[in-house]
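Consider the two complexes below, in which chain A is the common component and chain B and chain C are the respective partners.
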Partner chain A sequence: MPLDFYLNATLSGALTGLVYGLMALGLSVIFGVVRVVNFAHGEMMTAAMYVAILLAAALGLDPLVAMFPIGALMFVAGYLLQRTLINPFIVRPEHTQFMLMVAVAIILVNAQLLIFGPNARNVQVEYALDSYAIGEIIIDKVRVYAALAALAVAAALFAFFRFTLTGKAIRACADNHLGAQVVGLNVKQLYAITFGIGAACVGAAGCMLLLLVDVTPVQGPGYTLLAFIIVIVGGMGSLTGALVAGLVIGVSEALGGLLILPSAKSMATFAILILVLLFRPEGLLGRRA
Partner chain B sequence: MRPLLEGIPRRSLAALAAAGAALLAAPAVADPYVLSVLILCLYFAYVGQAWNIMMGFAGQLSLGHSLYVGVGAYASALLFVKFGVNPWFGALAAIAVCTALGLVIGVLAFRFGIAGVYFAILTIAFAEFTRIGFDHWQWAGASGGLFLPVAYRETSDVLTLRGSPTMFYYVMLAFAAGALVLCRMLLVSRLGYYWRAIREDETAAEALGINAFGYKMAAVALSSALTALGGVFFAFYYNNLFPEQIFSMGRSIEIILGPIIGGIGTLIGPIVGAFLLTPLADSLSELMAWLGIDTPGVKHVFYGTCLLAVVVFLPNGVWPPIARRLGLDAERARRR
Partner chain C sequence: MTLEVRELDLYYGDAQALDKVSLSAAAGSVVAIVGANGAGKSSLIRAIAGIETPRAGSVRFKGEEITGLPSYRICDRGIGQVAEGRQVFPTLTVRENLEMGALLKRARPRLAATLEEVYALFPRLRERAGQAAGTLSGGEQQMLAIGRCLMGQPELVMLDEPSLGLAPTVVQEVFQIVRQLNERGITIVLVEQNVAASLKLAARAYVLENGRIVMQGTGAELLADDRVRQAYLGL
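Showing the complex of A and B:
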């Protein structure tokens, strides 16, 4: 196979990887601050993707436009979920938190199955088949748009955590729970906001991913696992790490699918995870806890 | 024998004996459908018990136990189908392979200080990795599945593990009972106390001179060996194996639901959990069929809601409060 074949795959993998990164960013934010393992992350994203499909069908809304109302919707859903269901579990052992989120995930997957049926669905946009050509390299337009949107949302998130008071307060909570309470921060409220932000992130990522893949109700657990792997590879609590790891995993999927077999592409992902856990357990950009 | 039964209230022993007798007699009255549900209950009670050794006793959360079920099933089935090896010898091989696998994962994780959620993700990753591997392993049937010849269904032969559902029922009952006794022995042994010390506070346990690494390895080895035997049973009872099904994350979660719902770290919890959840899932299917609802998903939405309710309202599982109410727990006996 010629070299540009690999270059093509690498580039499109990297662009998809940025969207993966945004999805994982949502998980990383929740994990890093609330310290709850959101095992329903992929299922939440699938729910957002179905809403985007409905909006596209009813109003003809492009998923990249729909990501704003969907992000807001997911924020409210995440906020309420944390406020009502998850909050009492923050002090409980890890495995009970895990069971709670597994229960939520089971309900979400099957509610989606119930409402939308088992068949794969997607959204057709006008520019679906357009592409940019740079020399020998051809890139799909949708992939470029999705990746740019992912970068924009991630940048907004970075700015939020860096420059706003709420963002700084959330970082304080993550840094020192007790200290945050001592200086009078409303930790419960901030946790709920954080969960909402994480949900909004994954909702937006779902809208972008909708341009690239089909949706089925049963895809949720796979994406949950993928998001987890990316967070661990990138480093817990490191936002840049999640984006970088998303990129790495996206490229490894693309090349793995090319070099081994398309159906074995996630083997490369798992191999990377195992290697990172063994040789750099703090993640590519993380600090050792 | 004495330390094994010491501290168990007499009425608990009586209740256990009654439950055992009922299970022994069950095939005489149960119709084939009920029997198949009971076999599944016993299977989940058994693998739940095996998983509980790792999480409930030693505090290591494995979310990839389908790995050991799958590898155990494939090892014994491949030996049987390709070389005609007797299932019980195959079971020895399955146990050896799975123990080795468990030890490899254990060494990798515990040597590098991987714990908690990280450890859980590592176990999932190994299970998924193996699933994809088996999906492409042509000699083992790949994604098309591996099938065992179904023969001698009317005669029961325990030595070759071919026979009627009743035979499989008693085999599984023996496994489950054996696991219960083994776990009780472990809990009252020195090892059991070390495990619980590690579970509660690993640093403190190590400060007391407990070799945490070694005992955690022992827990993984025992748990994976026992789970492998469950896999062997699975292979010869169902006679077909598909990587997509046997290694799936859903299977791993099914295994751990019983002990978590029943009561983690307890001996009876995994059994109670299995006997609650399996019939619940099955009767829900029946109910849906009876109501004429065949929409996929309805059953599992309800199932998930039940799970949510238990997790929210009974954080320690179903069994501890029941045991207290019935006066079957050891604490109460001691207080008297």
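Showing the complex of A and C:
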């Protein structure tokens, strides 16, 4: 196969990977601060994608526009979920947290099946078939837009954590839980905000992904797993790590699909996961424990 | 009385950490709490601060009941804390650490002005403002912990072992600062393993043993007491 064939696949994999990265960023933010693994992450994203489909059908909203109201909606949903359901579980053993989040995931999947049926759906935007050509390399417009949107949201998130007092307070909670209580931070409130931010991230990522893939109600667990793998590869709690690992996994999926079999694209993903666990268990950009 | 603790009971599971502890601190005074490791000194501070919830008893601050309030509300009433082990935020910068102390409603509007005051008190912190707190020396971290507490504009400051693990010259500096804070009118509750130094400073002192107050008096009285001299001063 000619070289530009691989270049094409690599570039489009990288662009998709940025959206994966944003999805995983949401998981990483929640885990890094609240120390709860959101096992309903992919299911939450799927819910956001269905809302985007409804908005597109009812109002003709482009998913990249719909990501703003959907992000806000997901923030509120995540905030309330943490405040009501998850908060009492924070001090309980990890396996009970796991069961709680899996229960949330199962409820979401079945609710989506009930409401939307099992068939795959998608959104057709006007520019769905447009592309940019750079020499021999041809890139889909939707992929470029989705990747740029993912970068923009990620940049906004980094700025939030770096420059706002609330963002710094959230980092402080992650840094030293006792210290946060000592200085009088409202830790419960900050946890709920964090969960809301994580949910908003994955909601926005869902809107972007909707430009690239179809949605089915049963896709959730697969994306939860993917986000989980990306967070481990990037390094638990590292935000840049999640983005970089998203990129790596996106490229590996594209090249794995091309070199082996399209149906075997996840094989490359798991191979990377195993290699990282063997040789760099703290993740690409994670800190050594 | 600024702080009045009445018959406070605290349990960790089935283990009793505090047994009917009562103490009080007059406005603008220094109160010392001394006792061996595991006597319940840190538990007492955490119970007053709302980080642990007492099973029975009451804590009143400036005449108001604060028992059972969450820690952030108690901080907002004006009770600041310099916790054992300093508890700074290691990956945040010195400046960010200080800002975190001023997120209370009572302190937020004056954040910038208070920051200047703290920098004036600890010029070292200004020099290191952009540095991650985890890279500071132990003494500097203690200054940061005290500065961060002052950012909340407290009326009462509880210090838990502020001199622990510090070099002798730095220990002197810490006691100097505690005296300065008190001269500014801040009521001080001081828990220290450095019994002699803290009793000299204290208007009133309590000896805690196995979660109980076993002795109390003025700092001078306890300093002269044979049992205290034997048990805590090695004399």
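Criterion: the second predicted complex is superposed on the first by the 289 of 289 C-alpha atoms of A that agree within 3 Å, B and C clash if a C-alpha of one lies under 4 Å from a C-alpha of the other, contacts with A are read in each partner's own complex, and residues count from 1 in each chain.
Note that in this section a residue touches a chain if its C-beta (ideal position, glycine included) is under 8 Å from a C-beta of that chain, and two chains touch if they have at least 3 such contacts.
Keep in mind the model is a prediction, meaning the values are calculated, not measured.
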Exercise for the section: State whether A:99 touches chain B only (first), chain C only (second), both chains, or neither. Expected result: first
Problem - First, second, both or neither for A:178, with chain B first and chain C second - result: second
Practice task
Please indicate which partner A:113 is in contact with in the superposed arrangement: first for chain B, second for chain C, both, or neither.
Solution key: first
Exercise for the section: Give one of first, second, both or neither to describe whether A:165 is in contact with chain B, with chain C, with both, or with none. Expected result: second
Exercise for the section: See if chain A has more residues touched by chain B or by chain C, and give me that chain. Expected result: B
Practice task
Could you look at A:186 and tell me whether it touches chain B, chain C, both or neither (first, second, both, neither)?
Solution key: second
Fill in the blank from the handout: The intersection of the chain A residues contacting chain B with those contacting chain C is none
Practice task
Using the touch definition up top, name the residues of chain C that touch chain A in the complex.
Solution key: 49, 51, 70-72, 74-76, 81, 83, 87-92, 96-97, 99-101, 103-104, 148-149, 151-152
Practice task
Would you pull the chain A residues touching chain B in the complex into a rising list?
Solution key: 37, 85, 88, 92, 94-96, 98-100, 102-107, 109-114, 117-118, 217, 221, 225, 228-229, 232, 261, 263-264, 266-267, 270-271, 273-274, 277-278, 281
Completion exercise
Listed in rising order, the residues of chain B that touch chain A in the complex are 55, 61, 63, 108-109, 112-114, 116-118, 120-122, 124-126, 128-129, 132-133, 135-136, 249-250, 253, 260, 264, 295-301, 303-305, 307-308, 311-312, 315
Handout entry: Residues on chain A engaged by chain C in the complex (per definition of touch)
Key = 165, 168-169, 171-172, 175-176, 178-188
